[in-house]
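The data blocks that follow each hold one structure.
You will see two complexes here that share subunit A, one where it goes with subunit B and one where it goes with subunit C.
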Partner chain A sequence: MRIHRAPWFWAWVAAFAAFLATWSISAGGGGGAALAVAALTFASFSVLTGLGQMLVITMGPGNVDLSIPATMTLAGTLSLKLMGEMTGPVWAIMLAGLVSALAVGACAGVVNFALIRLLRIPPIIATLSASFLYQSLAIWSNRGLRIKPPAALAEFATGRAILGIPNLALVALVISIGFWVALNRSGFGRRLSAIGQNPRAARLAGVPVARIMGTTYVTCAKMAALTGFLLACFSGGAALNMGAEFLLMSIAVTVIGGSSIAGGDSNVPGIWAGALFMYLIVSMLNSYGLGAGVRLLSTGVIIIAIVAVASGRKAQA
Partner chain B sequence: MTRKGLLLTAALGLALGMPALADTAEKKIALSNNYAGNSWRQAMLESWARVTEKAVADGVVASADAFTTAENQATEQAAQIQNMILQGYDAIVLNAASPTALNGAVKEACDAGITVVSFDGIVTEPCAWRVKVDFVKMGRDEVEYLATRLPEGGNLLEIRGLAGVSVDDEIHQGIEEGVKAHPNFKIVGSVNGDWAQDVAQKAVAGILPSLPEIAGVVTQGGDGYGAAQAFAAAGRPTPVIIMGNRQDELKWWAEQRDANGYETVSTSIAPGVSTLAFWVAQQILDGQEVPKDLTVPFLSVTQETLDQALKDTPEGGVTNVDYSQDDAKKVIAESK
Partner chain C sequence: MINPRLLLPVLSLAVLVAAVFWLQPRAMSYVGVNLLFNLAVPIALATVAQMVIIMVGDIDLSMGAFVSLIACITAAILPENPALGWAMLAGCVLTYAALGALIEARQLPAIVVTLGMSFIWGGAAVLILPSPGGSSPAWLTAIMKAKPPLVPMAIIASVSIAAVAHLLIMRSGFGVRLRALGGNLRAVSRAGRSTVRLRAMAYAVAGVFAVLAGMALVGLTTSGDANIALRYTLLSIAGVILGGGEFTGGRVSPIGAVIGALTLTLAGSFLSFLRLSPDWQIGAQGAILILVLAARLLVRRAEKRA
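Moving on, here comes the complex of A and B:
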């Protein structure tokens, strides 16, 4: 396998280039490690939402989950509220928080899929309208007040236990490996790709389309919920607008990473490249002192360039 | 003389104020709000509910209903205002999604004889009243404060708000004016924190490695705690960070003060400004002469008032104040 043919190759090149460009102007040269730590930390959130979104997008045209921000907010809000009210051993509180966040995610996923499957609403409309429901629930449940996470959880989320690597990055890495195995080495992954390539052929070949789709939407919502939980612990509490940037981010990292927006073809390493790139490009443009307008413009142009280069490669292959 | 003048004003106010209760008792006021998705807006709606509920119970107005659009879109809010015209409200208090895009709907409301009072997110349509904030001064004051704290000057990091929003431009303009007046300060970096802790933290963490030593951080509110976290995570000394009245910012400040005598200042607009706009609308309906442009006072927390402010601010909320009818009269009188 020639590595420059890999769908994620150009995204990684771009991420490294952005890193080096930012590092080269860092004061005293010691900024490289700090920049890498910051990039890994914040990319972890994008990776976790991106992995879920990637699975959904793999199912083919029209499949996208727009409820990710609202699910994040709802899961973060409810789980932190629960942990704030609990008393008892710290491990029990932390476990309850995590489990409740994942349960919120699972419920959101089931609702999303029920709207799509039972009411036959297109996924874009279904997940968008469901997101109003989740966001309203989050507002109603806590009126936007930030409840601090338990100290041990906050320490974990902001800590660097092994080799100075952020704990969050390790969590995201372990989950990514799980996703890679599921996509490339399991029946689930092959069926998912089959649906994305041709849902009719997949159904005729005996793929349980409804079950796979249901699992995918629930998984995506659970990933959003987990991200919301971790982000709330990381930043000292859940905020009502905490998920806002992850709607476009989760789609962007999927596409930049080389997964096909038409479905049926996805890859996990690209998600990391896309997430690191999206963080580093903003850091780079900030560090060079460009204003918000130029920054947004250059980000857009660079993303188009990467996608164009990557798809040009695909057309030749 | 001054005291006599005050008494006279008070007597005049009473004389004018008393029949006011009777005059607006049948009036219906609506709040048209474009966004509810953060803690500031939630506090704003709660203040509105608290103050107007009492006003309705006291018979000052007949009703004061709050409506929020789902999508923070000008088109949606224009439709909402048109509905309010049809529903026969006497006044619309407006926090607008856009300073210009709602002008058509606002004009329609004015033509229908409805009083429109915009606040926070104001509209430029001349027939509407504007309860506005001098954001340029807010930015200038930040640098003025830093100049008193750091007379020898130094490098500043600027955290801006949401790109493309007029408030962001105005605060930024004020900060630039301040830096021009104090040339020993230099803005060495600028990021967009979107008025959110986690976004600010993310952006600051990304630019810090490329920055020299930072003496002060100028902010727009809602981003100070995130900035502090980013400096701590990078292992850099904590600069003077201007805060924005959020409870987590105040709490962090109090902790730092107790640990190492940290000093700063915190300024923002009280979410209760919605209630000031409510009283202004009530005063207009009452037939008072009210100038079209009114300026809201800032709500500042200083080293001296920190403990009290922290006590009064709900856990995870924003420092707030509910305005009264007298506050509105005072603001109106000062603007004449």
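Moving on, here comes the complex of A and C:
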């Protein structure tokens, strides 16, 4: 097996290099475990949104979900509001919160896909316009109040139950494995890739294009909603701008991880590498003590450099 | 002979203008119209810039950050040190051209490259102007706040932007070649043209319009800020689509893009005249966008049947 040919190989190398670089300058070599825990925790949010975005991007040019931040905020806000008002056994409250968040995500996904399919609006514009609606709904429903999550959920979201690995990372890992199986070992994954490689050929070959696309948009929105729910529990409440950075992040981790932006070619391990890399690069620049301006500049330069090198590699192959 | 592609954008703008005048008859004056459309001028310029990028088959997710950077340069450096300021603005346009060349030469996805660039522009803007401030060069404010007789400046500016963009993109040989790049890349390269050079030129044209957008914005607000224009990214994409542009095949309309930008700006004023709760302002803009696009679908269907 030529592992260095795998599309995610270089992303992992970069993530590992960023880890070593950050580790070596922070506190003279100590605190590697703390850094790893922080990286795993924050990367799991990017992984969860990135997995959904990857599915959408796999469907080919023009397919991208810009409503991820708004869906996250809406799901986080509504589910925490519900949990705040409920009384009863803790497990019932937690379950209701999770289910309501996923239901919000499913609704958002259905709306997104209805706009794309029924009104034939390009996905970029459809998800963008819909995200304005979700954002307004979120503002209207919580009115700036910050409702705390149930203590048990907050504990779970910030805890490290097994081997000191953050719970969130374990959740993200389990879901990632599910995505990997769905993409590589199931009919759904095959059909999705077929649509991304050539939608016309896929339709002629009998792939139910509409159904697969619908499932994909709904799955992406559900992942965004789940991330919003977990992030709200992690940070002690939903905030209106809590999803903002995940719009660019979800696209960036997909592409850095080696999934093809042209569609039809996706990979799950790369999402993890991309997410870890994005977090580590920022903390590396932070520990160099650079200002916000230089930090942003370097992040941009590094992203473009990676994409330029990675794509060049593909062109030769 | 009016282009049917333009019919719907013109119609939606007319309906909105009528609605605004009906809600607030005092807006039907020289000052009122100028106030309504003032902020549309930089948005229109940014939309034309985005249109050029979409025309060659790409999409620019860094437009807002770039216009913000230009606003910072214009407000912080241009008044103090004009030579350096102009050099930096020229450098920004050249960087845009280089981006186009890089994207074509290495066959990179524009969406990712511009995503990365948005960090770079944002970082540079923070370095140049760490906190909001600066001032507008006197001549720039004089142009943007001029009061020509009869027709408000905002209208004159919008019409000139549309005219210049139309002549450049739709009527010149240069524009045809750029549109061909989006329409059929292979045909362009078989015809012996350098696609790298053409894409670089397209990005340079977009860069020039985006620079003008940043300068116009500072002329109106008289100060700069690293976050001043971040929403322009989404506004400019929405404006292009509202104006009848499409994501594929070099099908765009410069006049439509300017009208799309005016419509989006006016939608904001319309909603505040409606005394809509601020909670729903953003949502209503989304709803208007969806409505116009749904209307476009109906018009297209009717056209096909006819």
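A few comments on the model shown:
What we mean here is this: the second predicted complex is superposed on the first by the 316 of 317 C-alpha atoms of A that agree within 3 Å, B and C clash if a C-alpha of one lies under 4 Å from a C-alpha of the other, contacts with A are read in each partner's own complex, and residues count from 1 in each chain.
FYI, a contact is a pair of C-beta atoms (placed from the backbone, for glycine too) under 8 Å apart; a residue touches a chain by one contact, two chains touch by 3 or more.
As the structure is a computational prediction, the values presented were derived from the model and not from experiment.
Applying the stated clash criterion after superposition on subunit A shows that subunit B and subunit C collide. Residue contacts after overlaying the shared chain place A:13 against neither subunit B nor subunit C. In the overlay built on the shared chain, the residue A:303 is in contact with subunit C alone; subunit B does not reach it. Shared-chain residue A:262: touches subunit C; no touch with subunit B.
Legend: residue contacts after superposition of the two complexes on their common chain; A:236 is shown touching subunit B, with no touch to subunit C.
Look at A:41: by the touch rule set out above, it reaches subunit B but stays clear of subunit C.
Contact with subunit B, but none with subunit C, is seen for A:32 once the two complexes are overlaid on the shared chain.
When the shared chain is aligned, no partner comes close enough to touch A:114: not subunit B, not subunit C.
Of the two partner chains, subunit B is the only one that A:22 touches; subunit C does not reach it. When both complexes are overlaid on chain A, the residue A:140 reaches subunit C alone and has no touch with subunit B. For the superposition on chain A, the stretches of subunit C under consideration are 95-103, 221-229, 239-247 or 293-301; the one running into subunit B is 221-229. Subunit A uses residues 132, 135, 139, 143, 291-293, 295-296 to touch subunit B in one structure and subunit C in the other. On the side of subunit B, the complex with subunit A involves touching residues 36-39, 41-43, 46, 70, 160, 163-164, 189-192, 194, 196-199, 201-203, 205-212, 225-226, 229-230, 233-235, 247-248, 314-317.
On the subunit A side of its complex with subunit C, the touching residues are 62, 64, 66, 115, 119-122, 124-126, 128-133, 135-137, 139-140, 143, 248, 251-252, 255, 261-262, 291-301, 303-304, 307-308, 311-312, 315. Subunit A meets subunit B in the complex at residues 22-23, 25-27, 30-32, 34-35, 37-39, 41-42, 132, 135, 139, 143-148, 158, 231, 234-237, 239-242, 244-245, 279-280, 282-283, 286-287, 289, 291-293, 295-296.
Across the complex, subunit A is touched by residues 59, 61, 102, 106-109, 111-113, 115-127, 130, 234, 237-238, 241, 246-248, 277, 279-287, 289-290, 293-294, 297 of subunit C.
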